[in-house]
Amino acid sequence: MSIVIHIITPIITKGIRTLDDVAEYASDEVEFRHSLLDKGPSSIECEYDEALAVPDTIKKAIEAEKAGADAIVIDCMGDPGVKAVREVVSIPVLGPAETSMHVAAMLGQKFTVVTVLDGVVPMIHNLAKVYGITEKMASIRVINLPVLEIEKNFEKAQRMLAQASLAAIKEDDADVIILGCTGFLGCVEKITELLMSNGRDIPVIDPIPLTVMAAVTLVKTGLRHSKKTYAPPRDKVIVGY
Amino acid sequence: MSIVIHIITPIITKGIRTLDDVAEYASDEVEFRHSLLDKGPSSIECEYDEALAVPDTIKKAIEAEKAGADAIVIDCMGDPGVKAVREVVSIPVLGPAETSMHVAAMLGQKFTVVTVLDGVVPMIHNLAKVYGITEKMASIRVINLPVLEIEKNFEKAQRMLAQASLAAIKEDDADVIILGCTGFLGCVEKITELLMSNGRDIPVIDPIPLTVMAAVTLVKTGLRHSKKTYAPPRDKVIVGY
Amino acid sequence: MSIVIHIITPIITKGIRTLDDVAEYASDEVEFRHSLLDKGPSSIECEYDEALAVPDTIKKAIEAEKAGADAIVIDCMGDPGVKAVREVVSIPVLGPAETSMHVAAMLGQKFTVVTVLDGVVPMIHNLAKVYGITEKMASIRVINLPVLEIEKNFEKAQRMLAQASLAAIKEDDADVIILGCTGFLGCVEKITELLMSNGRDIPVIDPIPLTVMAAVTLVKTGLRHSKKTYAPPRDKVIVGY
Amino acid sequence: MSIVIHIITPIITKGIRTLDDVAEYASDEVEFRHSLLDKGPSSIECEYDEALAVPDTIKKAIEAEKAGADAIVIDCMGDPGVKAVREVVSIPVLGPAETSMHVAAMLGQKFTVVTVLDGVVPMIHNLAKVYGITEKMASIRVINLPVLEIEKNFEKAQRMLAQASLAAIKEDDADVIILGCTGFLGCVEKITELLMSNGRDIPVIDPIPLTVMAAVTLVKTGLRHSKKTYAPPRDKVIVGY
Amino acid sequence: MSIVIHIITPIITKGIRTLDDVAEYASDEVEFRHSLLDKGPSSIECEYDEALAVPDTIKKAIEAEKAGADAIVIDCMGDPGVKAVREVVSIPVLGPAETSMHVAAMLGQKFTVVTVLDGVVPMIHNLAKVYGITEKMASIRVINLPVLEIEKNFEKAQRMLAQASLAAIKEDDADVIILGCTGFLGCVEKITELLMSNGRDIPVIDPIPLTVMAAVTLVKTGLRHSKKTYAPPRDKVIVGY
Amino acid sequence: MSIVIHIITPIITKGIRTLDDVAEYASDEVEFRHSLLDKGPSSIECEYDEALAVPDTIKKAIEAEKAGADAIVIDCMGDPGVKAVREVVSIPVLGPAETSMHVAAMLGQKFTVVTVLDGVVPMIHNLAKVYGITEKMASIRVINLPVLEIEKNFEKAQRMLAQASLAAIKEDDADVIILGCTGFLGCVEKITELLMSNGRDIPVIDPIPLTVMAAVTLVKTGLRHSKKTYAPPRDKVIVGY
């Protein structure tokens, strides 16, 4: 029986994420499933977007666990709802920001997150604080491209990411790069190529492949989140959800 | 024309908060208004509760600004939705946890938060991290009383809070106490009395009175939140809100 | 009966501070009083100046409390003598550096202090360390203008402060600006104007108005400094004071 | 072609580690290999032991890479030689302390390491500092059992670890437990059982299974250590190795 | 020509410090000189005492430099006036708290300061913050004995210090002890004896001998304080000093 | 009887270090001795070099203690083997990186390390973390000159160090400079000269003279490392050493 990793893309926009994106990590042993939201924003670029994405993300996560998922990955670098979902399910729940930052911390002295817009910079700083990993963060750099424009400008996005990464290495002393939006899935190859051609042999983390494989690792080793940190919610009246 | 401070109690439970609670701070110069949620939880005691409280809190905040509020106070020590609301309005938005922690930091060497349940402890630790104030926090102590039981057990709650405060002073080297739930409004006098009778002359912060007065101070001095940190959300399709 | 806020300007130079500077915050409810020093330096720009300002500041504070003050504000961004004064009086004692830094921390992700001279930079760094707020400080920038030259060059000072603020926003990623000398009182409007004309809607804190209003807030909410942190001095022989 | 994970147990003592220990993680896709040292200490319990283990660990790692390994795991919670080995090979090199601490950080608010002897406590504190993860560490607890006595006293070890874990949860506010010696492999089940019977549903990390699976994840996602942090040694005369 | 180390005891009380206290460190090469204050407190136990000690300490330091001193040691664990004095002289100026904390940091994993009274605890915490050494501090413990009572109760003081040190080792995980008042000079032997008889071989720092020898080291190696950090005060009108 | 300070240069290259280098610090009271390694690298520029230097460094240290040394100084800014050696001897063992960083911290607000090659930058960062002194470090700057080229290019090295120091002062706000390789011994004078000619009166630390004098200070004041932090290794089988 295979391990089921359920990916929730916490937006309503169809087509941005398909299971093809992680197909190479599927096997007899690992099956992927996917949900989009019915209610919420079309992309996540600020605290407000995130707030409106979380309630339906929670609902989809509960459904995923009921349907047999062994772990849940929330497919957004803001890690929206990750903590709330951990309270309501009993399987591992991973966010790509938390996972990427901790793995980046293991791969080199300091990491830089290269991401979409100025607006997400404070959010990523705050995630790093909550995850206790600020000491290992060199910087956050933005390319000024909204999430929903990435796909339309994929080559341009890759070039901009590569340039931002190179600048992070030279000016911010970064040793590892994290792609700061899960919409950048698939850009690693081009970025690495450009870095290599500049004599820079450094790892570039594509958060979703890493996070789904980290989820497999947790399932295989029998680990899940602490119920002391993420105790189930107490029963109470809730209106509207 | 008076300054309008709008208090949003981000739960659906009627009667817990009334304007009588802050009546002594009203004047010719300061007017208070109040909203409850239509959708959301009956109390907030975990990340899940908070997640379901935020969307309607945002809605009430937008309405409050339109109705002429000069500042908004979100009446819960989890500061739910404070950051998202700052993005969608252009008036100051204060959370009692953030305000109390920074003022406590000014009143003595270290502060302790005494609060309701184990489940909120990680949330308060994370708020302190995001607010950059962990160095000044001595500890968090809980009295194991759910939010909705406070009012029914008000004398008991005061006694337990006083005992927890005394323990924090003696064992955790706390110099200042913060009441860690806005439902404890009105307990300060009894706690201070017991601390004094134990020879401990230390400040005990009742978050809501402090936060509404801090809101008045910001309005009077013309300060509001940085639009660099809290930029208005970009226009996009949102379904269900 | 009104609340009395007593401002001590801890230098001997007459005319730099008058009650006109805070007149707009006075009311039926709030009365301001003011002292200068008889002994001490003509301005404060280093540790040595500060050391010579503190003994008479303490004396003026004791007199102010005896004369009925409800709170004391020490009018210098070095917060000279603030801790010592808290030991000898039983009313709140506020320093503009401590107050501004904590409020700035609440208004945005990171703040920059723009101030007079290189010589005060280590002092401000050390205050931020003692106040436990370094995580929220983006940088300190100086305009190289001695304190006693500010008034003579008021327009130039405003221009230089605006430029330093803009540089802090662009280069140091500052979200909030603190004017780092109480002699800059009255410069906020011009600075904000220039920032706005550059598309930067960020708060600029004028420390004295904010600090006197924070003092009012503490008095109204019945808070004062922890006597555990600031215990009254033990009786002993003291010569020369 | 399967992924080859090479485990180096950096001591000379035979029989403590066999491939049976990780057999359940082997598959068509994953092959494990193993080396012991020819030169070095019989166990590692202090800086001195570690220093004498590193040169031969480096040699075994170079041999493992030449023999086709895709990743190396150094089987000791002191992570001896991990950084040096990363410089001389071009495949991922993982230490169980670094891996366990970062994964523990993801599983709950704070983790405790329960380990063998007082002597390793400063070493583990220093690893946490270098890994940038101290904020997430609740405490280190020791059971006072030398490494080579574990196997002879396996049931006792499990009981002592369970008791130390329980104490860490209650007294140090730990949310996650890390077994602080790779010689504790196989103790998780008993410890979890005792914690559960005390109503504590918290993850207990067995470092070696987790680290070998993390190695597989890195290989599958094409990640390896930054050559900016771990540049190959410059050519030079070396005597005696 | 010998090196002149000038010790300033920043109080007015005669007899507490004599050159006999450091006689064993004098030689052909090293000469000690000493000043007491004419104006100031009889002992230093709080911020207020310190504030009144600093102006005359500055005066004595300027005189000492003029009289040919090669370095100045300020003989109080509050390091009163150390920074101000560095601005007005061009020779090294050492405080025993700063020196002891940095040397303690080198001698073991964490240090504890055992000192006189609760009132100095926040002051020592703040010194550690300003000196950037808090990570290495295990705790501060007090024996509740005023400074001027030490000499009268010398045996009792030694016993209490030894007990506090032992408790720090056992309960706070201290590896090094600093005597937190320069009035404890001469207590090290007895404390070490008791610790040894309890099987604890750990260093106990007597701040004044260490600091005077550190001063000799700075003079011999030609080092003095940075004039970038401690620039000479600008010329200005000063009244009363 | 004089104090014997034994210097171990942890490389095999003859002639780089002679006792002439510290001759001016020798006296009737202080005798210096010196060892090179028989086995190990010709210079230390990465973790790998360091790992191969440590075993013979330990051996030389044990021999030095047996031969009557009162303290040991390990002559490399990587402080290789310092912690391991402290476990096996009972005299003080000093590393120049640890000593220089703590003394630099005392001499000004922030220090910069100017050193040889990019490859040592992460190592120095990690030492600063372990020593608990990162808050006081402004930056690390490299001049890109391998260790064994220093002597051949001594004038060039001095010029490059001076330029890097000046850049650190201007751009990184450094107040104190540490020469980051013990091979730079003798460069201080030229660097200070150039800094002075640029109006910069700041201390430049030459690590070996400072460290040997610090060793004398520890011996004279009877201090040595904590046996709680550095307990003697437990008896066990060790092969090959």
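Order as written gives the chain letters A, B, C, D, E and F; numbering starts at 1 within each chain.
We adopt the following convention: a contact is a pair of C-beta atoms (placed from the backbone, for glycine too) under 8 Å apart; a residue touches a chain by one contact, two chains touch by 3 or more.
Predicted model only: the values in this text are computed from it and were never measured.
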If you average the Cα atoms per chain, which one ends up farthest from chain D?
C
With touch defined as above, tell me whether chain E and chain F contact each other through largely the same residue numbers, more than half shared, or through different ones.
same
Centroid comparison with chain B (C-alpha atoms), farthest chain
F
Please work out the Cα centroid separation of chain C and chain E, and write it as a whole number of Å.
31
Approximately how many whole Å separate the CA-defined centres of chain B and chain D?
43
What whole-Å value do you get for the distance between chain A and chain D if each is reduced to the mean of its CA atoms?
27
Junction residues of chain B - those touching two or more other chains
109, 122, 129, 132, 135, 175, 228-230
Per the touch rule, the chain F residues reaching chain E in their complex are 25, 27, 29, 94, 98-99, 102-103, 105-109, 131-133, 135-136, 169, 175-176, 188, 200-203, 205-206, 209-210, 213-214, 216-218, 220-230
Where on chain E is chain C touching in the complex?
12-13, 37-43, 45-52, 54-56, 58, 81, 83-84, 86-88, 118-119, 122, 126, 129-130, 132, 146, 148, 228-231, 233-234, 236-241
